[in-house]
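After this come two complexes, each holding chain A, first together with chain B and then together with chain C.
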Partner chain A sequence: MSAIGTSMNAGAASSWPRMFGIALLLALFAFVIFGPLANLFLWAFAEKWYFPSKLPQEFGFTFWARVFAPRGNALASLGTSIWIALLTVLMSLIVAIPAGYALARLRLRWRSLILLAFLLPQAVPNLPVYVNIARVFYEIGLNGTILGVVLVHAAHGLVLAVWIASAAFASVDVSLEEAARNIGASPWTCFRTVTLPLAAPGLIASAIFVFLESLDEFTGTYFVGVPDVTTLPLLMFNASMGGNYQIASITALLLLVPSIAFMLVVERFLKADVLAMVGR
Partner chain B sequence: MTPYLSIESLNVGYGNTRVLNEVSLDVARGELVALLGSSGCGKTTLLRSIAGFVTPESGAIKVDGRDIARLPPEKRGTAMMFQSYALWPHMSVEDNIGYGLKMRSWKKDAIAKRVGEMLTLLQLVGFGPRSVMQLSGGQRQRVALGRALAVDPQLLLLDEPMSNLDYKVRIELRHELRALQRRIGITAVYVTHDREEALTLADRIAVIDAGRVVQYGPPEEIFHRPTSAFVAGFMGADNAIDVMRLPNGSLTADQVGGEKLRAHFRSDVAWITTERSASGDDDLRLAGTVTQAIYVGQGYRYRVRTNGADIWANAEERMPEGAVVSVVVPRAALLVFSAATSTRH
Partner chain C sequence: MSRADSRSLARNCAVLGMTKSDATVGAWRAYALVGPALAVIAVFFVLPLAMSAVLAFRGKTGEFTLEHFDKSWDLYRTDLMFTIGIVLLSTVLIGVVAIVIAGYLTLGENPRAVAVLRWLYRWPLFIPFIVTGQVMRTFLAKNGMLNHVLIGAGWVEPLAAQSVLDWRGIVVAFVWKQAPFVTLLLAGAMASLETQHIEAARNLGAPRWRVLIDVILPQVRGTLLVGLVLSFVTMLSVLSVPLMINPNSPTMMTVDVAYRINTHGDYAVANALCLMSLVVAGFGAWFYLRHSARSFSQ
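Moving on to the complex of A and B:
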């Protein structure tokens, strides 16, 4: 409060350079964040863009038509991506709900140890792990299958899913469960009618995170899925490696839509009381 | 008369800590019993053992002759009111009250009828469809009571249900609860640390200290005839002085030869006088100086430093700090205990 008071007393003359400085800083941040995105937008709508020019020479929708053409494989890979993401969510929740509930109600000592174990895959460098997974999957015939890719994505998404689910369950007051048991609910009915609905917002948030993680995942899919399974990130990779920046940019924009949409939803579901329990 | 609820030498412990030690307690049908004690004495654990949230190491809990000590909570037929009310925030008032009936597979219209009765009984008509999050503390408390009563439980358990309420609401609800309990004739066990609440609500009070029932009886008996120094102190007789019993049977605070005893008394039975003359021969007179004066509405409360200890006494007139006074305690108001064992003489 006192800082605001003195700056106001100092008068308008001294506050202008400060305002200018702040504006400059904000502009710099905006450029760092939105600059690459602007470039993406330009490329997505560029018909012709040759080297010395600062802006595309010609705008148009020819490449959009190509991407969405029935013969173009962008829509097919979008379908594959979404299908894999949904299966990954399903698999993660099947593990995360019981695991998260158990962890939320366990004693603290064991809890942090197990939660840490879920974090381990994240601590090890990704590439060697995926190379080995690919080798094992190849031997048991899972390489190049949707199931194989889903398994890799789920292993990755489980960290988030289990951590958030256990926080969601921990934020449900035990006395609410006791009240249900006390008035005649069996353990399962109590879980179904009281615990699960109360933890649902947190669980939905974790499902969305897993979905987005899977939609974006590249490395694991590359090692386990190629060449039979092509997801949108793989398509984007192929396009940009082939110098086809328009196709790459358009697929990138496609990937951006669910991310932004879901982030807005997650923000509503992930309440402060759940976040406060993460990792407890 | 055979007791309705009968707790027989119940032992509860967490690890190496004893929480309840050979607790036995009988409650008659339709009776309201208060478990009174300071925090950590084991009163809530006793209630939670009856509800089934704590498994006893040994002992029996019989309701109407059936031992429920090892049944899961949902099979016990008890209904508990929680200190935090524990209302389900994702359900409406009527869903909260009707939950137990749904668990008992009642038909929809039967549930609606019973919920309606409960809302009328608890003066919550019109609140049925509301979210419990929109209610005031007093209203939540009524909903919690309604949820417990709707299933017509064998036993109503109340865990300090008033402790989160304002003083005024608390007094109101206390009387309502008492009238309601009498009217429907339900057997209830009520945990509290508030002696006034226990005295006004209960048919009998069980005073609990360190995992044991130290005295069990009607409020009048607990208040006027405590059997131990602990109960006397807990029930408000917190002035304690060393006294001597003279060979002729009378008591004195002077350190003369005789049997050493400890006397407890309430500050409102003692009065303060500046006159030196003796009144009744049996009265105990303690000389001292006023060290603190507090206005308490109907007169003053004084801290008087006497030879043995600081004591509190009431007087209507204003006296300056430092005044030399006598505190007079009628013999009948003295609760005398053996100095060594703290048990009643």
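Moving on to the complex of A and C:
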């Protein structure tokens, strides 16, 4: 029976009841994925939505106007979030590019141990770290400052930055570098004009990853940023806990846009040859 | 020969794996390049972690004590069990979902269905936990879309509709958010397998689920385990989801830690709780290491 089923692959796959079953399952899966997002969407445009109505009684943009009001909190938080994310990218790349290059090209004893060290912030629960950083930062006056939040975000984003940068450098063909060196380029010129441009797509991908992680980070900012640094995730959280679902949903949508936009283009930056080198 | 030249020679030697004395010069530079990044990890990650371990055992006058653990155990042992239960259950469900989806992506015979599934499953991957929390807070609520659809389909009586915003909500949020991550890793590993074994098994008449379980899964077990252990640890330290979906007792330990700090300024008990969740995470790491040690020895 199963032998027949598999030897007639093409025929079985296109039979109608089976196609219908597959379509039904996919539709169900689509609901699981998009249902929650659709609910968020509805809340973002709901003027009034009282129990037990299935859909909002009124749709409108009043809350959007409130979020985007010139002196609204949301725009300020968005600005803070983007500023923090940019600084985090800058800081991560400054230390990650040399580290990634060394890990990809130079001989290091304990190389895999060093790679693992960067994984630590992702592989160990972060809460104890944030709790104690917040305590120390409070004493030295870094709590509630942009710099404090950037430092926390950068430490957490480094694994992505270093691992992807290392993979990006490793995927650059060594013979191209050797060719440049053979015709007299200095190491620095060779790095600047050959290695760096070839590794650039991977480095951009790592920069975007770090940017998004910083943009979406909640727990670290929750402990280290209080009370003065309000990023978009914190604003969303406060609105949601305050029962203001419209504001929370609109803020959530704002947070979703960059993430989803990136998802749709990530493969353009992160080619398979780079992906294959990640963590090696 | 200028200094720059000799240095670059050493570098090239290091690249090409040349003699030992040249390589030491290269090695010195390599450590200098890696140093700053390692320093960031050391100062802003390892140090606070070590502080957590110290503070959890330190009494008021600096003496060694276990009182913070006693207190944590007294107040929060239900939450500890609750946390372990939720995270374990989520991990298992994530594994099952990831295997099913990645398996279909690898073995599916209807190219259109595979393409649609590949397009669909990734969406939650880049959605932050905090947004997942908000999304589920509306979707799973009594007046949420889930209940409306269930009522509309006639599966649930309107009066019997209930909120799922308790431990079940946390599990749903975790699986929804993390399963795509493990699926991505797993599907990638499956795609890079050699197809001969799979084709051989298929030609011998093995049904697809058997091929998945007997031929493919054993070869990608390592990747699956890495994904699951990373998810396990991540879920252990997520604060936003339990805070937004189920902040009342019994809840997850992360919520307790935030409460001890924000309400009582009690860093000692907070650190003891953190250490407890580190131990739980350690079990995950131990599980992983035991597995990878075994696969190395093979």
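By our rule, the second predicted complex is superposed on the first by the 261 of 280 C-alpha atoms of A that agree within 3 Å, B and C clash if a C-alpha of one lies under 4 Å from a C-alpha of the other, contacts with A are read in each partner's own complex, and residues count from 1 in each chain.
Everything below uses one rule, namely that a residue touches a chain if its C-beta (ideal position, glycine included) is under 8 Å from a C-beta of that chain, and two chains touch if they have at least 3 such contacts.
Remember, predicted model here, so these are calculated numbers, not experimental data.
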{"item": "First, second, both or neither for A:194, with chain B first and chain C second", "value": "first"}
{"item": "Partner touching more residues of chain A, whether chain B or chain C", "value": "C"}
{"item": "Which of chain B and chain C A:101 touches, first, second, both or neither", "value": "second"}
{"item": "Which superposed partner A:90 touches (first chain B, second chain C, both, neither)", "value": "neither"}
{"item": "Touching partner for A:181 - first (chain B), second (chain C), both, neither", "value": "both"}
{"item": "Intersection of the chain A residues that touch chain B with those that touch chain C", "value": "178, 181, 186-187"}
{"item": "For the chain A and chain C complex, residues of the former touching the latter", "value": "2-3, 5-7, 9-10, 12-14, 19, 22-23, 26, 29-40, 42-43, 51-52, 54, 94-96, 98-99, 101-103, 105-109, 114, 117-118, 120-136, 151-152, 154-155, 158, 162, 174, 177-178, 181, 186-187, 212, 215-216, 218-219, 222-223, 233, 236-237, 240-241, 245, 248-249, 252, 255-256, 259-260, 262-263, 275-276"}
{"item": "Residue numbers on chain A that touch chain B, as the complex places them", "value": "173, 175-176, 178-187, 189, 193-194, 197-198"}
{"item": "Parts of chain C lying in touch with chain A, wherever the complex brings them together", "value": "4, 7-8, 11-12, 14-15, 17, 23, 26-27, 29-31, 33-34, 36-38, 40-41, 44-46, 48-49, 51-52, 55, 109-110, 113, 116-117, 120-131, 133-139, 142-146, 148-149, 152, 158, 176, 188, 192, 202, 205-208, 229-230, 233-234, 236-240, 243-244, 254, 257-258, 261, 267, 270-271, 274-275, 277-278, 281, 285"}
{"item": "For the chain B and chain A complex, residues of the former touching the latter", "value": "51-53, 72-74, 78-80, 82, 84, 86-90, 99-100, 103-104, 147-148, 151"}
